[in-house]
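Chain lettering (A, B and C) follows the sequence in which the chains are written, and residue indices restart at 1 in each chain.
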Amino acid sequence: MNAIQRRRRLELIGGVVVLLALALLPLPIRDVYTQNLIIITILFAGLSQAWNILGGYCGQISLGHALYLGVGAYVSTMLYVHGGVPPTVGMFAGGAVAGLGALLVGWPCFRLSGHYYAIATVVVGEIGYLLFLNWDWVGAATGIYVPFRGESLIALQFRTSKLPFHYAALIFAAVTWVIAFVIEGRAWGYAWRAVRDDVVAARSLGVRVFPSKMAAAAISGFLTGVGGAIYAQYVGYIDPDSILAGSLSILIALPAVLGGVGTLWGPLVGAAVLIPVSELTRSYLGGSGQGVDLMIYGGMIVLVALARPAGLVSLFGAGARA
Amino acid sequence: MAFLEVDGVSKTFGGVAANVDISFTVERGQILGLIGPNGAGKTSLFNAIAGEVRPDRGQIRLEGKRISGLGPVACSRAGVARTFQVVRSFDSMSVLENVMVGAFARTSSPAEAMGRAMSVLEFCGLAARADAAAHQLTPPEKRRLEIARALATEPKLLLLDEMLTGLTPTEAAAGVALVRAVRERAITVVMVEHVMEVVLPLVDRAVVLNLGRVLMTGSPAEVVRHPDVIRAYLGDRYAAPA
Amino acid sequence: MLTADALAQALISGLLMGLIYALVAAGLSLIFGLMDIVNFAHGELLMLAMYAAVVLFGATHLDPLLQLPIVAGLLFLLGMGVYRGVIARALGVRFNRGMVQIFATFGLAIFIRGAAQFVWGGDFRSVSGTWLANRSVDLGGIFVPLPQLAASLVCLLAFAGLLLINRTEFGRALEATREDRDAVALIGIDRDRIFALGWGLGAGTVGIAGVMLITFYYVSPNVGANFAIIAYVTVALGGFGSVLGALAAGIVIGEVEALTALFLEPSLKQVGMFAVYLLVLMVRPRGLFGTL
């Protein structure tokens, strides 16, 4: 067994251990605030992993990923509100539409390199925000309240306890991790990293760049959309400002960058640091704390970008994978 | 029908005629040297065969099928592999992973790709460095990695871009041995070089380019004696009377 | 009812605003043309200039027109500082250079946004009571507010200034570095110094735009993000790296925005420029005057 196989075996074991630990984590916790913090952290770890598939592995930095979060949330919620479709089904519809959206955006944009692509994603994200803000059928600026129709697993609605949401988020994050893990070991994963490292060399080896980027976009968009649907059910209310705004795009991308872009554990580590920091500064510092959370993330990202681009995971010796 | 046919290839870059009406053939299993002084048009022709550049006129055919103007990906799938003069390794990956990218061109099974990559690494003498990070290799090792990666795509034609330039005599000898071993595997090789004394003992035939045109083609012995070739490289003073 | 007057009014205000967009975009384009880096903190630099003007006005009551050299100078120094502190390091990175360059300035943008929110809070501020405030000129039935008019004149002058700089030795050094940044060391140009000065210049232009903008527009910590998007659209249309392109594109975008507000509704005014952006993306990615 060589180093690659050994590493993957260790990663798989690590994944199972972390999963078990996180599954057991909420059981002794009674305080709602902490439960919420953990749920949001896990959810964003999953969302960031979804982002990582396109941004980290494939190297196409998307700064407007909230679009897919929003699309997934709106599709799933509209289906539930108007069609009675339970969110456990609706999330897949949401994911599918989001994935399709990602393909539509990718089509003209993937031939743009690095920063041009990033700019395009910012503008497209803003277009999405503007669109939903002015679209009366989906509630425009007022948004949509997710109607509580009784406790239900299928409808992902729980009032008495947050625990089921914890497991929903955990399953979501675990699925995104597994998908990243599986693809990392297969042809696509290699193709993506080759394209990211040196697209000319990748082409000379027969890697079809455009189709592989489209595949990454579709998977990333789909997973983000599914996460959006779960988020909508958890928060119980969606509107453009809470689900399509640029600030959410930042919250989705930054954990992966902080933790280690293009790595398996990066988004998890990054989310575990970034999300609590954000929530805690906001609640403890209150009014005067406004902005401190942004200063902390912004500062951390600049430090990571300049001093340790391989991210926090590289501090744990997770290899030279940059 | 020869294995590789370069037929009347011409290419101009912004007013400069890099290649003018280049024609020659390569038989299967041969090692062909593409030589000539700097600026002769070797790189441009090389890139045309590799699919990076589309000729303005003429065609390049592999086993009778056109490969010119199709792009590097199609060329690769047709069985052409190439190395880069300035090594382009995938720095975020290990040596083995680099070669696996090439191996995935022929199989989608990770286990198979890994196996093939390992055997290619053994062939190229890099097996011991399989798990090292690609960016940590020494320059000669990096060149071997380029070749290994290209070989992993199981090409019919291997294009080497100045593989032997700037090596110590020991390294060059090892490089020559590797190219011979590649030919043993029934892979045709076209090498661009401008260091004559290294390449002429190795190749079966040579095509000499000068100022964008074919100066002559022939066996190494013929080439090295030809006054036009000597004049092209060293100037008129050294050309002995024919 | 769409009257000729309403149309003319829209066209005029579109032109005036467009010149400001043009100047903001010019700074972005300049930095990009020089070193192939998109300054994702550009909007935040504009925002800082606007806050600087507010603070300075509050402390000294100095008219924005007179503040121009001060704020522009401060931003110039800030731009150079950003280059030396952040960008110079980002350029030297070996792995993942694309990601590093994007997030170095993107992270900075977030940091600056947070700092502004921390220092000045989230509410809107502007500068009022200047000598031009609330005054306008009547051009045949069309009201042209003096602050906007003054702002666009200053922007035009700034563009003239940029063109003049092109003729100086510094300008030629900038041009040379833009053409072939690897070779300039051979002719004695200190590339690092040119980059730093280029960043200073790019930030300085945004400083000028910011001071003029604050006389009729509000500032808040998020205003940078809004103007950044408009700047990206403008630069994409004008061509990355082209200052003249930024001028032309800025005016176009300003007009498109004004006309869209007129024909659709004010809350949808950005739709027009986004449509232009998408069109440019599909049809001519390098923009009007750019070289992709």
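Here, contacts are C-beta pairs under 8 Å (C-beta built on N, C-alpha and C of every residue); 3 or more make two chains touch, one makes a residue touch a chain.
Predicted model only: the values in this text are computed from it and were never measured.
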Touch-based graph of the chains, sorted into line, ring, star, complete or other: complete
Winner on C-beta contact pairs when B-C is weighed against A-B: A-B
Central chain (by mean CA position): A
Distance between chain centroids, defined by C-alpha means - chain A, chain C (Å): 32
Centre distance in Å when chain B and chain C are each reduced to the mean of their C-alpha atoms: 49
Between chain B and chain A, distance of the C-alpha-averaged centres to the nearest whole Å: 44
Chain A residues counted as touching two or more neighbouring chains: 262, 322
Residues of chain C touching at least two other chains: 95-96
Chain B, residues touching no fewer than two other chains: 91-92, 135
Interface residues, chain A side, partner chain C - complex: 55, 59, 61, 63, 108-109, 111-116, 118-120, 122-123, 126-127, 130, 133-134, 246, 250, 257, 261-262, 288, 290-302, 304-306, 309-310, 322
In the complex with chain B, residue positions of chain C that touch it: 94-96
Residue ranges of chain B in contact with chain C within the complex: 91-92, 135
List of chain B residues in touch with chain A within their complex: 50, 52, 71-73, 76-77, 81-82, 84, 88-94, 96-97, 100-102, 104-105, 108, 110, 113-114, 118, 130-131, 133, 135-136, 149-150, 152-153
Complex contacts: residues of chain A adjacent to chain B: 2-5, 185-187, 190-191, 193-194, 196-198, 200-209, 262, 319-322
